[in-house]
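What follows is chain A paired twice: with chain B in the first complex and chain C in the second.
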Partner chain A sequence: MSIAAELQRHFVHDNDFILRQIHLGNEVIAVMGLKTLIDFPQTISMIRDLIQVDDLADHDMRDVVVGLGDDCSSHVFEKLVTEIQLGMLLVVHENSETCVSLIPVPQTLSRSISAPLTENSISGSNSAFNESMETNVGLLRKYTNADDLQLKTYMFGSTVKNRVTVSYLKGAIDPAFLQTLIEAIESRLHLEVNNLQDFTKVLGLSSFNLITHYHTTEMPQSAMRALRNGRAVLFIERVPFALVLPSLFADLYMSEDDNNLTPIYTVLLRLLRLFGILTTLIAPGLYVALVSVNPDVLRFELAHSIAKSRLDVPYPAIVETLLLLIVLELLMEAIIRLPSSIGPTVTMVGGIVLGQAAVSAKLVSNLLIIVLAVITISSATVVGIQNSQSLRVFKYLLLFLAAAFGVLGLMSGLVVLCSYHAGFKTFNLPYLQSTKPKGD
Partner chain B sequence: MKMMLMRMVAVVLLFLLSGCWDNKDINHRSLPIAMGVSYNQGSYTIYLDIPSVTEDEEKIQIISDHGDSINEVIDHISMNMESQVDLLHLKVILVDKAFAKHGLSEGIASIIRSRYIAPKTMFVICDEPLDHFFQHIDASSTDDGTAIYDYFQKNAGWSPDIAYTPTWRIFRSIHSYTNDVVIPMIKSGDSTVIKSTGSAIMKNGKMVGKLTNEETLLYNVFNGVNTQGKIEVMGHATVQIVSSRIGNRSSLEQDQPRLRSTVHLKITVMDTRGNPSMVLIKKELQELVTREFMLLFQKVQKAGADVFGLGQHFRDDLTRPQLARWRTDYLPNMKVDLHVKTIVRNTGNLKARK
Partner chain C sequence: MLKNLQVPIVFIITHMGLIFFLYPTDLIASSKETQWVPIFTGFLFQLAIMAVYLKGIRLFGNENIIHVLMKKSRWLAWATLLPVLLHLGIIAVLTVRIYAEIISIIFLSNTPLWILMCLLITIPTYIVMHGGVRGLMRTGLLLSLLFLISILFVLAYAFQNIDPRYALPLLPDDPKDFSFFVHPSYYKCLFAFSGCFLFLGFVPPYVAYKPKTVFIASLLLLPLFLMAVYIPILTLGEETARQLEFPFIFTIDTIEIDWLMFDRVTMFLVLSLLAFIMLFISLVFWLLTNIFRHSIKDLKPKILVPLVSVLTFGVCLFIPDLETTEEFLQWETILLGYVSIVTPLVVLFAGRHHFKQMKREIK
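Presenting the complex of A and B:
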């Protein structure tokens, strides 16, 4: 049986499989592919353009066909099926039993490059990675433009296949780290990678931790900075951002776009972010500690006015704080989930709940509303979504410790957090190292 | 796995054993701002000045009770009140003269050791019966009742002719050979809430004498307290002290301690009478300060209380048994040479003649 017939039989249930015969002079070639991935009319006219009938007299048909793309005559049948699934066009010349896979004119299945959705930048480039790996790698190449940029692409999965690209700068990356990374990836090529959790398993990193091993970025300039600092940047097909491995403490408050400002402002901005991070962590715990455990730390005037504002509040400070924090978390989650046309309604209703109404109903004190506003504002200063999620969780740890042990508990909670961060490692690289590998 | 279980148990125990349910929220605590302690033949009467926590009206609540010890009375008051009395925010402790003369050592020791009251709490002697004083405060309070607190706040109502003595200094004076303190004395004022009536010289926690407000100012200058903005009236001029600084040099000659002190004063001239020269103003100020200080020093020497902490300068010259006799043997023999050096800031409000 010919290759074309065999393939047709394999794809008999896929009604987007197309097989066409093209007559070129005396010769007939068969082209086949999936019409959902390939723009057929364009592709066929492209092939007609490539093969001039006049040339056929001078050249052997086989040579002409092989010149169109990669010769895969010697490939096993499964490999040909994979080529088709990936969106390649197979050209078969039955007479010489030649089979070639070539890059067709594709259907546009991904959005064009747009502004980042989760990260905003006002002082830097505004292009963002999207779901197409080719676009992402292309963007990275455009931004990096270095001779020692190396890319390795792996195909994961046995039934559902997905591509992962690892990129790094040969001169900047720590060879030991690179070797561990590549070994980890190559030893688990049979696993499926559809999301980041799957990928964490592939890398062999533990899933039960509160800090992220890698952080995601939508911005090519951040990926470029990571590469320059000796880190690996990974792309997963269909995942609209780059993974930067390993994630470091500096990623909490440093962003590449800061460097477009005058150095003084860069430093000031980063200090501001650090202050914001500390505020988010400490503020709820501090409120509870000061109100219920250590009111002696406050100035008398403040203590007196807080006592006044809590006059008819029925719950202890910790319950009151938890109540509002949970409403706040719900609100933040709801706003992500909702379409943008309903979003403002939720914001408005949330504003009423978290605002004066709760105070008027004597459910919470005035000061707590201020504390809550401060937390919400300052939590937005942290760079990166994964990092802000860590902070969201850590503040509860501090809150509970503060409720039980007051200011002392808050302090010991911070010590626990510091030691947790200090002990966190990704592929033996400590989390608390500086932005660049040692010796740099 | 076992390790994980142990950790989880530890975390659970941390919260189960924390005792956090005993924490009282701030609105369930009474925060007295001033406490009055009056002593009468072994029995204490305690007055608490508690700014009341209500939304509509700002006033204070005066609560009093009596018993055999300070702690007993406070416990008693706490029992009878709807919230727990929390002395952590206590800012001022008032004692009556009888208590001060009887000796504060036991009261101070219990305050410092119990740690319920901050050691930085101001200590004040009331120059009139405490019940009268607190009645007056209650009647004249218009704000949230923090008048007595503000009166001793350095960033509010305190002025340099009032002594500034936190509790820990009295504790130190009781246990030190070479340090005594003065405690401010107040009474209810006629048109103001509080009136200062000078300060009490304390020797080992007992009141042995009294200083006027002018003498207290000098005391503060000598102790290096910033007396900025203080106005001094002399024969020919009124001057304002802009800053003051003191340098001391000590020597021990045949068991007679000598101290050379130089007070540097920076002043500006506020107004003059009869167009005096700057030299004259300087000379007058120097004479005035020296004379007043010498009188003050003699008074202190006579009382045998080292309120200036002069003995501190001789601690490395004397052995410990000798230091124990500092107040009785050395201080009365001590000689102090005081030099006042004045700089007139002549570009201030008034330009004086050279």
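Presenting the complex of A and C:
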């Protein structure tokens, strides 16, 4: 059976499989592919443009066909199927048993380059990575433009296949780290990679962490900076951001766009972010500690006014704080879920609940509303959405310790957090480093 | 991050944790007037033993004390390391016990002591288990970034109520001014000077540092040693300061800062110092487990560290009160003296021998 017929039989249940015969002079070639991935009319006219009938008199048809793309006549059948699934066009010349895979005019299936969705940039470039691997790698190349930029692409999975690209600057990256990374990837090519959890398994990293092993970024300029600092940047097909490996402490407060400001402002902004991070962590715990365990630390007037505002609140400070924090978390989650037309309603209602209403109903104290507002504002100063999630969790640790031990608990919590961050490692590279990762 | 500075920073902050609580009490108790003489004596003693110790360690190259001593002779290793092990064990217990008591006195009078001891043991155990000694050093770096500012702030305000005349007479003119040498309290306060220099010999291969930076760090400590004693004396007068259990902390309690929303700035100071003490305890735990693993039996840290902490906790529970602890501390000074004098000397001689041997091997 010919290759074309065999492939047609394989794809018999796939409605979008197309097989067309094209007559070129006396010769016939068969083209096939998936119409959902390939723009067929455009592709066929492209092939007709490529092969001039006049040339056929001078050249062998086989040579002409092979000149169109990659010769895959010697490939096994499964590999041809994979080519089609990946959106390639197969061109088969039956007479000479030649089969060629070529890049067709594709259907537009990914959005065009747009502004980042999870990060905001006011002093830097605004193009963001998206779901298409080609776009992402192209953007990275455009931003990096270095001789020693190296890219390695791997195909993962046996049934559901996906591509992962690893990029790094040969001169900048630590060779030991690169070797570990590549070995980890190459040893688990059979696993499926559809999301970050899958990929964590591939890399053999521990998944029960409160901070991530990779920093995710939508900004090509951040990815470029990471490459130049000797880190690896990875792309997973259909995942709309770059994974920067390993993640470092500096990712919490440094953004590449800061460098477009004068150095004084860069430093001040970063200090402000660190202050925001500390405030987010400490504020709820400090409230509980000062209200319920160590009121003596406060100035008498202040302690008095706080006590007065809590006079009618029927439960302990920890319950009060937890209650409002959970409402806040719910609000934050709800806004992500809801369509943008309904979102403002929730914000408004939430604003009322978390605002004066709860206070006038004597459910929470005035001060707590202020504390909550401070936390919400300051938690947004951290760089990167994943880091802000870590902060969201860490503040509860401090909150509970503060409820048990007061200010001492707060301090203990900070010590634990410091130790957690100090001991965290990715491929033997400590997390607690500034910009350039070095081995232990 | 700041790899070369990690060891000196940990050296400074662990000492800071030890300086401000018991040390002023003991030093004031041991001397009358011209307190700077005993302080300088203690400080010079620290410099001297550190000089000997670091000289020896430098001769080891990149090896640590245990390996070199074990290679030399097992008996010498045991004679040196066993007292160190014992000393560290006692220090761990006493530090946990004393600081739990201090926490109880200063801010958590209603919390049972054993819970506080539990906290003071659990967190250091976590620090050691999670990151090992490298993680511990990095934790020290983060802690110093977080807490040093508040300590410096409080120390800057500590001069608020001083009266310089209390420092007089400045020069010793009476042989009695040297009577601190025979006072047992003085030897107790030497703990602040020589309590944690030992770790310097055990961290190489794992963490590198330059001996010069450690000397600079110990010079930076001198003003703190002076302040811890002189601030209470200059604020309250010597006789009043002598009556107090923790004179420095009490003096800080008298600071009044109008624009601050907090009434007791002591809290900032004590909390920061306690963070440093937790680091000190974790350092002691690490030293204990490290020595144990390389000289007795190589158990997994996952088993050994919790074992050490549970043992420490158990022993702590048996100590009835602060007086008994102080009595223990007094007895411990003998061991402390032995360890701080003998270990550096042994290290120096072993180092010389090791160095010569290496040279011969290279030839």
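Definition applied: the second predicted complex is superposed on the first by the 436 of 440 C-alpha atoms of A that agree within 3 Å, B and C clash if a C-alpha of one lies under 4 Å from a C-alpha of the other, contacts with A are read in each partner's own complex, and residues count from 1 in each chain.
The rule is simple: a contact is a pair of C-beta atoms (placed from the backbone, for glycine too) under 8 Å apart; a residue touches a chain by one contact, two chains touch by 3 or more.
Keep in mind it's a predicted model, so treat the numbers as computed, not measured.
**Student:** Given the touch rule stated above, what does A:G171 touch, chain B (first), chain C (second), both, or neither?
**Tutor:** A:G171: touches no partner chain.
**Student:** Just chain B (first), just chain C (second), both, or neither: which does A:V415 touch?
**Tutor:** second
**Student:** Once chain A of both complexes is superposed, is A:G351 in touch with chain B (first), chain C (second), both, or neither?
**Tutor:** neither
**Student:** Is A:F249 touching anything from chain B or chain C once the two structures are fitted on A? First, second, both or neither.
**Tutor:** second
**Student:** Does chain C touch more residues of chain A than chain B does, or is it the other way round?
**Tutor:** C
**Student:** Taking the superposition on A as described, I'd like to know which of chain B and chain C A:V407 touches: first, second, both or neither.
**Tutor:** second
**Student:** Could you say whether A:D296 touches chain B, chain C, both of them, or neither, answering first, second, both or neither?
**Tutor:** both
**Student:** Of the two partner chains, chain B (first) and chain C (second), which one does A:P430 touch, if any: first, second, both, or neither?
**Tutor:** Only chain C; A:P430 stays clear of chain B.
**Student:** Using the superposition on chain A described above, determine whether A:G138 touches chain B (first), chain C (second), both, or neither.
**Tutor:** Neither partner.
**Student:** From the superposed pair, tell me which chain A residues show up as contacts to chain B and also as contacts to chain C.
**Tutor:** In chain A, residues 293, 296, 300, 405-406 are touched by chain B and also by chain C.
**Student:** Which residues of chain A touch chain B in their complex?
**Tutor:** Going by the criterion above, the answer is residues 290-293, 295-296, 300-301, 303-304, 306-308, 310-311, 313, 316-317, 400, 403-406.
**Student:** Hey, which residues of chain C end up touching chain A in the complex?
**Tutor:** Residues 1, 103, 107-108, 111, 119, 123, 126-127, 130-132, 134-136, 138-139, 141-143, 146, 260-264, 267, 271-272, 274-275, 278-279.
**Student:** Which of the residues in chain A end up touching chain C in this complex?
**Tutor:** Its residues touching chain C are 249, 278, 293-294, 296-300, 302, 405-408, 410-412, 414-416, 418-423, 430, 432-434, 440.
**Student:** Could you list, by residue number, the parts of chain B that touch chain A in their complex?
**Tutor:** Where chain B meets chain A, its residues are 14-15, 18-20, 23-27, 29, 31, 33, 51, 53-55, 86, 88-89, 91, 118, 144, 146, 149.
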